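Everything on this sheet refers to the single structure shown next.
Which chain is which? They are A, B, C and D, in the order written, and residues in each are numbered from 1.
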Amino acid sequence: MPNHRPVNIGLIGAGRIGSFHAESVARRLFDADLVAIADPAPGAAEKLAARLGAPKAYTSVSELLANPEIEGVVIATPARFHTSVVVEAAKAGKAVFCEKPMALTLEEADQAIAATAAAKVPLQVGFNRRWDQAFHEGRTAIDAGKVGSVQLLRSLTRDPGPYGGDPAKTPLWTIFYETLIHDFDTLLWLNPAAKPVEVTAIADALVRPDFAGRGFHDTAVVTIRFDNGSIAVAEANFCAMYGYDIRGEVFGSGGMVTMGDVRRSSMTLYDNNGVSNDTWRRDTDHFVHGYTAQLASFVEATRTGTVTGPTGKDARNALAIALASIKSVSERRTVQLSDV
Amino acid sequence: MPNHRPVNIGLIGAGRIGSFHAESVARRLFDADLVAIADPAPGAAEKLAARLGAPKAYTSVSELLANPEIEGVVIATPARFHTSVVVEAAKAGKAVFCEKPMALTLEEADQAIAATAAAKVPLQVGFNRRWDQAFHEGRTAIDAGKVGSVQLLRSLTRDPGPYGGDPAKTPLWTIFYETLIHDFDTLLWLNPAAKPVEVTAIADALVRPDFAGRGFHDTAVVTIRFDNGSIAVAEANFCAMYGYDIRGEVFGSGGMVTMGDVRRSSMTLYDNNGVSNDTWRRDTDHFVHGYTAQLASFVEATRTGTVTGPTGKDARNALAIALASIKSVSERRTVQLSDV
Amino acid sequence: MPNHRPVNIGLIGAGRIGSFHAESVARRLFDADLVAIADPAPGAAEKLAARLGAPKAYTSVSELLANPEIEGVVIATPARFHTSVVVEAAKAGKAVFCEKPMALTLEEADQAIAATAAAKVPLQVGFNRRWDQAFHEGRTAIDAGKVGSVQLLRSLTRDPGPYGGDPAKTPLWTIFYETLIHDFDTLLWLNPAAKPVEVTAIADALVRPDFAGRGFHDTAVVTIRFDNGSIAVAEANFCAMYGYDIRGEVFGSGGMVTMGDVRRSSMTLYDNNGVSNDTWRRDTDHFVHGYTAQLASFVEATRTGTVTGPTGKDARNALAIALASIKSVSERRTVQLSDV
Amino acid sequence: MPNHRPVNIGLIGAGRIGSFHAESVARRLFDADLVAIADPAPGAAEKLAARLGAPKAYTSVSELLANPEIEGVVIATPARFHTSVVVEAAKAGKAVFCEKPMALTLEEADQAIAATAAAKVPLQVGFNRRWDQAFHEGRTAIDAGKVGSVQLLRSLTRDPGPYGGDPAKTPLWTIFYETLIHDFDTLLWLNPAAKPVEVTAIADALVRPDFAGRGFHDTAVVTIRFDNGSIAVAEANFCAMYGYDIRGEVFGSGGMVTMGDVRRSSMTLYDNNGVSNDTWRRDTDHFVHGYTAQLASFVEATRTGTVTGPTGKDARNALAIALASIKSVSERRTVQLSDV
């Protein structure tokens, strides 16, 4: 744990997860300073900056990027703006951390990758699950050969219920672009020896059946076939009444690892109703330590210029599966990744 | 627990599972007597009969069926003979318990159902998982509304490794007909409000990649879509190095139930290597109590004439999914159940 | 699994546990027949015999013992009669299974041991916990050296609540004679290399504080020191609102084993309240397989003349700790086992 | 999460746990600055200060206390110096966090309490277990009435093996003063409605039997009786080969809570050896978040003047049980707390 001057970080996008990241930078990372926040919503950046003691607040992204003190930016805008902000930040010479999805098309992904490469700035993407203790240990066990050759994988995301979103305002294909993108990255990352070749996806509105057939999906199952024969299933649902349920399973010729538990702690209650545990109800509670470690990694990348976490390439790879899933659902057929 | 004269049971097929069923009838069921065993292999029936104290041994099924003392038969022949033996037993007026798969075609399934209906004899099929304590409790919770409307299901079968079978002698599509048939029944049984409409299956030889492309499959993933939108995934593999792993998961609008644990007991060892549990290594060890309860149910059906366990119809329903899976793998596409 | 003529068993005492044992002999053991039942309560033996199909019912123990068909007896009378019935049964030449406690004084214990030795009949005592799968595996691990030298032990019994007993009718020291006697045997059995030397006990009426100071105890903690320095804690309570909780823990120089789980099965419910499991609520449900195996062992002992389960000596050893505990509570001091 | 000027903290004692606390202040707490370190060992304070970027290093405690910038001190010297440093720090007007045990005699404890009261400075003691998520949730459940009236409690500390200490250099009664003091505080804190009245303790050298009888103890069991009849058992051992094992259990009229799990994460490996989990091997890994929260609480106490964590009084209460345990072992008898 070397002893450096703190790195100056700017936040772009002061929404829910942006605010949480800002708090991590300001209060959970010893070697980073939150020096500026930008958000177009009147007062949003200012209010958050005041709360966290950040010296500058902007309503314009460009203004923030023009601030020469800032060494790295955390991009947490709505997804549709991610790529253009990445490109602009790269041009401004800032190290870039971008929330997932980094892009909505492969062309966008390529632009983001090219812009950061041209500017020689680090680009890291918000696949925070890789820093969760259990998932990290799972990958370590796989690398150590403990499951042998990977044959079957599973990754799931179930958001805590009751579902409070507005289907009418939810962008098309959100479940693939924003939710399952985590599982796609997780599955690729846990199966490092293989490349995905084929995707079959099913999606439906089961939480909000009143929106079925209107382009809204709250439930999906995606099957991915890899070039070495291994098969992965990714699964998502927007309303788990028991909490925020994130799990992974990797089975191979030598054994299996499982990762993830919705139980909140080892505290167990035994009473008239039986044996019970409380559960995680929010992503930022469940994964607070993983989120912090992710940003610590980005701070380190900003300092050293070298990304050790998920890169733009990783974001592109996960996006390709999301796009194949969308095509599979649209055309009701299995889709080759080479056709995306 | 009423006090009756024992029911007279005959066993047809003295292989591994037949011998185990015979032992259950002879030694684990108080209200059944094992009175005869038939097996064409020279000496097989005789040897088992001697060990279990069964009075009669035959090399001919017909001879056994001609024995008027026998009230019910347990059929544990190779799968390809199941239907014809069911039909013959029904004609002989015996109550019929048939190991899965009861039939290999829908026509055969219909013949078995018709023959037992015509003879007015009970027909029960060997989906033993329904009697496992955990799966039984899971279904009870679903019936009680504890998971709400079912949305996502999973059922898996992993046979204990190392795999010692002979791929060259394994009948085509065994993984669907003999292994996943359990999962198909489990999924239908745990989703009682829905009907399956569409199946997509992937199968491969990952345990024995030297047999890939030669009609042998040891790994499969099947996705089933139901008429109410719910989606199930069934998964099988022939070689789990950690034991006999049977699990189920049902997720719905109100919550989730999970069933199955490969850990053998609550005995937990903490030592230099960490925390560990021994595992189940054989189906007949893991599910001895479920297997026994299954036959107790058949004995009761023999006595009363009423089947409360899985019927010929249930066998046909699970078979239809197996056939759709086979078609899906053969034609590399999603298959409607109405096309099977 | 040899194929013998069934052994003829008689039951003495048709109360709750006696009826359960009778049912085990009649319906869960293939190589034993329940041939007679004796109970002084008018109609009790007759009714149970009718239900289980036992040919004979008596109101007199002596009459049952005079029945020459009977090879072994299961004694499940109130505890204060145990020793005299053991002695009488031995004199009648019957193999003896006696529920715990076999005796209430060391003199009685010696009489029971001497009488069965003189008659050369097997004497087995009802410490059923030894046959529970988890406890059995725990002992096996200890024997295999997996915990090294034993240093610390724990055994506990918590009866399921709500407590429905009548403190006014409960014999003095029941918690030691009838409840903790199981834990004392378990601790001695799990620490085979050591001898107990010293006991300190605390007992109180916490479930029914209205009976405190009136000779009734529903809660107790007993510390036992062994000659090799190892220390055991036994703990009992009459009212666990969450079920029938039986656990053991053995810690040593190489590691630890834990045994016992009040969860009823692997079926786990995840709902709005969190994660939960149902629990065991009755001894005869929780330990049905252990109780059956215990009697199977006694049936084998009756046939072969050799006891492999807990003996009269084991009953005496556990009783000595119960007596030391009683003395410790009475005199409010640590008691040497040599002073009992 | 208010936005304040950081609080200036000084560390006294740069040993293992002191260094860890310093690191927590410097790198894990956003609202505290580590401004000075004192340690008499030549170079120790300097080296740590350099590593953590603390501006000042001293070999004299008095010099550090004379630094007017410092608002609060973290005392992590050897235990025998704790009280005198607390008193000196209080006189210097510093807020005081003192590692356990705050004192080795009741007189010392009273001096520490009196000195900090006279100086009107906060005094908080290092019972970090109270901040562990599971223990915290357990206490919350107890306060919410979920276990009803507390009847039986257990708390244990097992340090990870192999034991690498030097018995010859270990101060007398370390297992009570330094190890079990945690469990004594935990038990008092989890039983808030009761006062301890009586203690019986056993201690031995089982890990290092070559030191038995020479004043060294590595294994101890302490039974505590409370004024409401509830009974607690505390247990410690210096060598758990499977890791750092800290657990608690509270049983009452309504149910039970259990807290603590040596498993390191939910990552579970299933392989040829069965099912296994890695374990916590170090206190500072297992409880890093609790340790941090503890110091965050002290920083807040320094700022506000109000201690919400364990106080000098709490330290005195736990110490009284340690002293009673020592007397109990010395005199081989049960000891009243009123006699300590």
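The working rule: a residue touches a chain if its C-beta (ideal position, glycine included) is under 8 Å from a C-beta of that chain, and two chains touch if they have at least 3 such contacts.
This one's a predicted model, so the numbers in the text were calculated from it and none came from an experiment.
When chain centres are set by their Cα atoms, the one at the greatest distance from chain C is A.
The pair with more inter-chain C-beta contacts, choosing from B-D and B-C, is B-C. Work out the mean CA point of chain B and of chain C, and you get 38 Å between them. Taking each chain's centre as the mean of its C-alpha atoms, chain B lies 56 Å from chain D. Residue positions of chain C touching 2 or more other chains: 240-242, 245, 254-256, 270-272, 278.
Interface of chain D with chain B (complex): residues 240-243, 245, 262-263, 270-279. Contact residues of chain B toward chain A in the complex are 148-149, 151-152, 158, 200, 202, 204-207, 209, 212, 219, 221, 223, 225, 229-231, 233, 235, 237, 239-242, 245, 251, 253-256, 332-334. By the touch criterion given at the top, residues 1, 3, 23, 26-28, 30-31, 50-53, 133-135, 137-138, 141, 146-147, 254-261, 264-272, 278, 289 of chain A touch chain D in their complex.
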